[in-house]
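In the two complexes below, subunit A is the common chain; its partner is subunit B in one and subunit C in the other.
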Partner chain A sequence: MSLNVRELMKPFMEVQDDLYCFAKRAKQAGEKIAGYLCTYSPQELFHAGGYFPVRVIGKEGGTPLADQWLQPYACSFAKGVLNLGLEGDFSFLDLVVFSHTCDTMQNLAEAWRRRVEGAPVIVVSTPNLNAGDIALNYLKRELARVKEEVENISGSKITDEKILESIHLYEKHRNNMKILYQIRRESPYLISGTDMFLVVLSSFVMKKEEHNELLEKLIRDLKSITPEDVKKPRVLVGGSVCQAQGFIQSIEGTGAVVSDDDLCMGSRSYVIPPVPQGEPIEMLAQMYLSRIPCPAFYKPGYDPAQVYIEKVKSGDVNGVIFLQTKFCDPYAFNYPYIRKRLEQEGIPSLLLEVEQNQPVPEAFRTRVEAFVETLMNR
Partner chain B sequence: MSEYFVIGLDIGSATAKAVLLDNEGKRLAFAVRPTGGRLVQSAEDVKREVLLQTGVSDDCVKAIITTGYGRDIIQNKTKSITEITCHAKGAYVMMPEIRFVIDIGGQDSKAILLESDGQVGRFEMNDKCAAGTGRFLEVMARTLGIHLDEMGDMAVRSEKSSKISSTCTVFAESEVISLLAQGEEIPSVVSGLCRAIAERVQALVSRVGVVPPVMMTGGVAKNKGVVNWLSKTLRQELIVPEEPQIIGALGASIIGLELIKRSKGSLDKIIQNI
Partner chain C sequence: MSQRVPIRSTAKMKELMGFYYMMAKAGENDPNQKIAWITSGGPVEILHAGGVIPIYPENVAAMAGTMKISDEICAVAEEQGFSRDLCSYARTDIGSALSGKGPLMGSASPKPDFLVCCNNICGTVTKWYEELQRIFNVPLIFIDAPFQYGIKDRPEAIDYMEAQLRNMIDIVGEITGKPVEWDKFMETLELADRAVKLWREIQDLLQHKPAPMNSFDTFIHLAPIVTLRGTQGCIEYYETLKAELLERIEQGIGTLEKEEYRLGWDNLPVWYKIKFLSERFSQHNSALVVSTYTRSFCYQAEDRDISNPLRAMSADYLAGYINHGIDFRERELYQMVQNFSLDGLVMHSNRSCRAYSFGQYELARTMEEKYDVPVLLIEADQNDTRMWSDEQIGNRIDAFMERVAGKKKRNIA
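This part shows the complex of A and B:
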């Protein structure tokens, strides 16, 4: 049965060797590629404008070039992607899209504009307050402006029909990912969290059309597999890490299974309520504001701890591991409150500070292993 | 002669430790040796040493539990368990009423809260660098040209305590050199260094939230200067067992015994025999 799951994972594994192999192939075939750094970038608009949107992420390694332009307190994600940009790794991009989430992202856009040669840069300004008419109207105007900017750069109009098509494609993809999340919650031993995050990672660098097909096949195939009869502690991973796969793998190496997450490149991008039909730009604005907000944003009535508690209770989760990217202050300010609430509910948790461009350190594994030992002894 | 024996091996960054128990949980022997760069060899050495001390043969050892940094590299182990769980277990069997363990080893320090049944509740470990650990003291002893073992007494006897404000080992080293250049006495500097470790560890302990009684384990617990300063900063009495360095290995050996006995006996009898 494990062989079967490995077979099922094969189509997704190509991204492990070269994250951007699909984008580079498309580029060679004459397509235009848009790289976005934040999941609040309206990917649907770029898709409608004829671009293949891929998420810009860093990779393991030092950041000597980026260190010249970014202060020591900039996070490893910002440094990692800028370093790759300066090395020319993103020369295949035709457009680079930033969002104003935290200050580092905002300033990274300007550093990139000045230092990285090549594609034009667009900055999308999502309102920090994620609710109410003012925020909605603001984001609608902003998305309309971004649409115009894309039209000016590409030289072709983006019609409402095109945007609607893209919205439906992306919604279909989210629905497929939601089904996969549901399957993981119900039988977390069917595929590992490590495999799940490979699927998640590939979803950000493959065409949604192709990823949809792979997902639909995966979901069909998974339904025909009987899960292994094992009992492992279930862990929810939350935090401010973009590329979580290495950490997830390390966590699962200690005998736990990561059955759910609260991550940007994870459930926060996919578990979103359906968008009510309407005028396309309004639909997009509604959708982005209805997400579980990025820790850099504020949404009245949204309680970050409640999300964790509900996930833990409904998914029979045994413990929570926080992956806090060093210097990510928006998430760091949320953490003490979430931890306190989890404690009140008797839910064990572990905080780990991580760097996104470094190999998983030994001390990380020791802490996770000790935490999993406590979960097993409970 | 006992039916069988278990060994706990704690392969730390500075020293390798072994504890040999009989099937009743009685501690028959222990050994401590520097690890150097040879983790596997030092583990083998301490294991041989406890077997030699007692005349127990290899075949009679029913379980070997490994812990510490080198826990996974050791072949022929029954199981590896993290040092956090092992120190908690070791402290608990030494004194079942213990609720908190502060372990300061060669390159990490840990604050562990124990549930009343001896299980690990919450814990914290020092961040990436070795500030506030045994390595810090080793580096400083070298800088000051004194022995690691004499630092504790020197600190306790000193009436003065220099202020060391840097928590980084490298920066603290240059701070020490400037203090000496300003005419500070070595004992005063040593006392200041012990306080610097205590303050560093205090932050770690506070993040978990200290609950008495508190036991201090690990090699640094042998340094009276650190123990005194830590006791002062935490406003807590610290219980230091006779051999604080072997508590992790002891915990590992107990876990080995529990694994064997899980189906039959309870821990109570084992505790009485320790």
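This part shows the complex of A and C:
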């Protein structure tokens, strides 16, 4: 093997030191930055409106300021990002965008609007009903309204051509990510899940144009490598958000490989069916509603367990680890059903309750170790 | 301990609700009678107009809470993997559906033929009803009521509601095999409108000093407006209650021997501690005279188009307190303080209800700092007794009442 994986990963690793180094550099060069908290925020519209959209992600650390806003029974993701916001970590943003999802995010948007100084806040009222013409029409009107709001804030019109350009750029990016996911399903040992997580993380904070270039090079290089003949248990990780690389790293530290995921900080944001051509707002509305829904949403006929079963079967996955962020209600409601269906299919699973803003606890590693051992012995 | 003249109408309400639950139980065995489970903020008028018996899992869960059997029923859901951090109503209801245990003569609610979920009260119901759909394998009608972040409700959201309600009318007709008659529906809306107005008038009567009943009574008298809104029985009941309250006002009957302080309540009740809380506040000569929770069932949209009842209904189902952001809530709370001459606010930070509770810290701060209203925050849960300590909460109430009394004395002096 002539290619060194560490070399390949280098361009993605910059985010490890400062997640927002790209945004801050762009800001210094005079660009406008839009921070979005949820991947249902229509990034294409902000991109078309001249903003560089980056995802607002938290990091390890206490939440003394956010604790003045949110009760102890609020999820650590919400508290973590709010605390950073209140501390001024996101003062480089020119616009902050929320999408309606769960009860916690809804109140987080309110907290941000009332108490975080600086950029104006836009809330996208994404329908929680994720199918049918009635919901589609509502989302179309909402996206048109958001477009106007962006125009009013930025003072410049967003043309259909611009939106289409952005749609195509974002779709190209999703396609590249999909190819990478496919490569990992087939040969999960080429790059680790830990490295993949860095690729995903960087995808939310780099310019899509640049990330596309990096992805295309990575895909070419990976395709030229003959996979080594290794055998490690393959694990699928499921959850809502997952902002720390530590969880994935810790799982892989026990000898397993995380070969796939069902995370919004992961495949749910990228593995989306192609957008049918049409009027730009319609294309966007269609695309957002055709996603594997955020657990907070209701999509008639959608079976949350089916995705897991299909991924496990098509990717030779040996077991599932649920990263349940404490107090994330939508995912916690899905869990008993998914676990039951996995059990019926003979697929082993492990539930781990996690806090997004804390270091990976020792107990996490111990439990994963025991789980991975059972997978090895099967 | 203060003397209380009991409210006579309570017996009539028990009769009304008893009859309703009896009919519902009987309906379970009648193949021609459809039963739907529906969320407390759901458009029940369509069910009444379509001859469907509505069952309210939230009501039933609250009954289980009051009867102090919710913990053991929740445990059934928890054993199936439902986290203890999830809403205790949802756990009570799912546990009841799975085990058959419940507060209705010891058993669970009559099984549903279909489900109606409207997320204007929280996002939790979305997930809860998805689970009910899996348990019972019946159709689910989901009404998505967009949360209103601003003070003024958005017209496109009202359009969205209207389209969904029209759709629901068709689906209910398909399920019952008999289209919902438009005239009957209009008549039901008219009855609901009258009931909602009565319920608001009744609560407004508590602005009188002394208040003719208190919020702990109001919690109990809430059942008909939730369940039977749109029926004649509901109106008759509230007319009786209203007449009795007017009579009490005329005779100067309050709920305490001496009503010195008047308080407002925010969030759901602590169902299993109603008596404790009522007595503790009474000891301080303080009456709870208004709550955002019971008022939630009489919100009507501000600029509702009464010439178009379905349109007005669509707007009303967005208009509730907890379907709104903090600016709206701040405005409502301050209006309550003024209209009901409140000396303070008690906010139940309810672990089960993130939708209702998040934002309370900010509201409490705002009420204290901007409006000079003392606020007590109680950390508890609507149904899960494991959160509670009589001593701790009791002490906090005592300390709070000292603060309220001190402030009132200063204001008078």
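Convention: the second predicted complex is superposed on the first by the 374 of 378 C-alpha atoms of A that agree within 3 Å, B and C clash if a C-alpha of one lies under 4 Å from a C-alpha of the other, contacts with A are read in each partner's own complex, and residues count from 1 in each chain.
The rule we apply is simple: contacts are C-beta pairs under 8 Å (C-beta built on N, C-alpha and C of every residue); 3 or more make two chains touch, one makes a residue touch a chain.
If you're wondering where the values come from, they're calculated on a predicted model, not measured in any experiment.
In the superposed model, A:R378 lies in contact with subunit B only, and not with subunit C. Taking subunit A as the reference, the larger set of touched residues comes from C, when subunit B and subunit C are compared. In the superposed model, A:R220 makes contact with neither subunit B nor subunit C.
When the shared chain is aligned, subunit C comes close enough to touch A:D329, but subunit B does not. In the superposed model, A:A109 lies in contact with subunit C only, and not with subunit B. In the superposed model, A:R367 makes contact with subunit B only, not with subunit C. After overlaying the two complexes on the shared chain, residue contacts for A:K10 are found with neither subunit B nor subunit C. No residue of subunit A touches both subunit B in one complex and subunit C in the other. In the complex of the two chains, the subunit A residues touching subunit B come out as 348, 353, 361-363, 366-367, 369-370, 373-374, 377-378. For subunit B in complex with subunit A, the residues that touch the partner chain are 69, 81-85, 108, 119-123, 125, 127-128.
Only residues 80-83, 85-87, 90, 117, 119, 122-124, 126-128, 130-131, 134, 140, 142, 144, 146-147, 149, 154, 156-157, 159-160, 163-164, 167, 325-326, 349, 351, 354-355, 357-362, 365, 379 of subunit C touch subunit A when the two sit together in their complex. The residues of subunit A lying in touch with subunit C in their complex are 68-71, 73-74, 100-104, 106-111, 113-115, 123, 125, 127-129, 134-135, 137-138, 141-142, 145, 295-298, 300, 324, 326-327, 329-330, 332-337, 339-340, 351.
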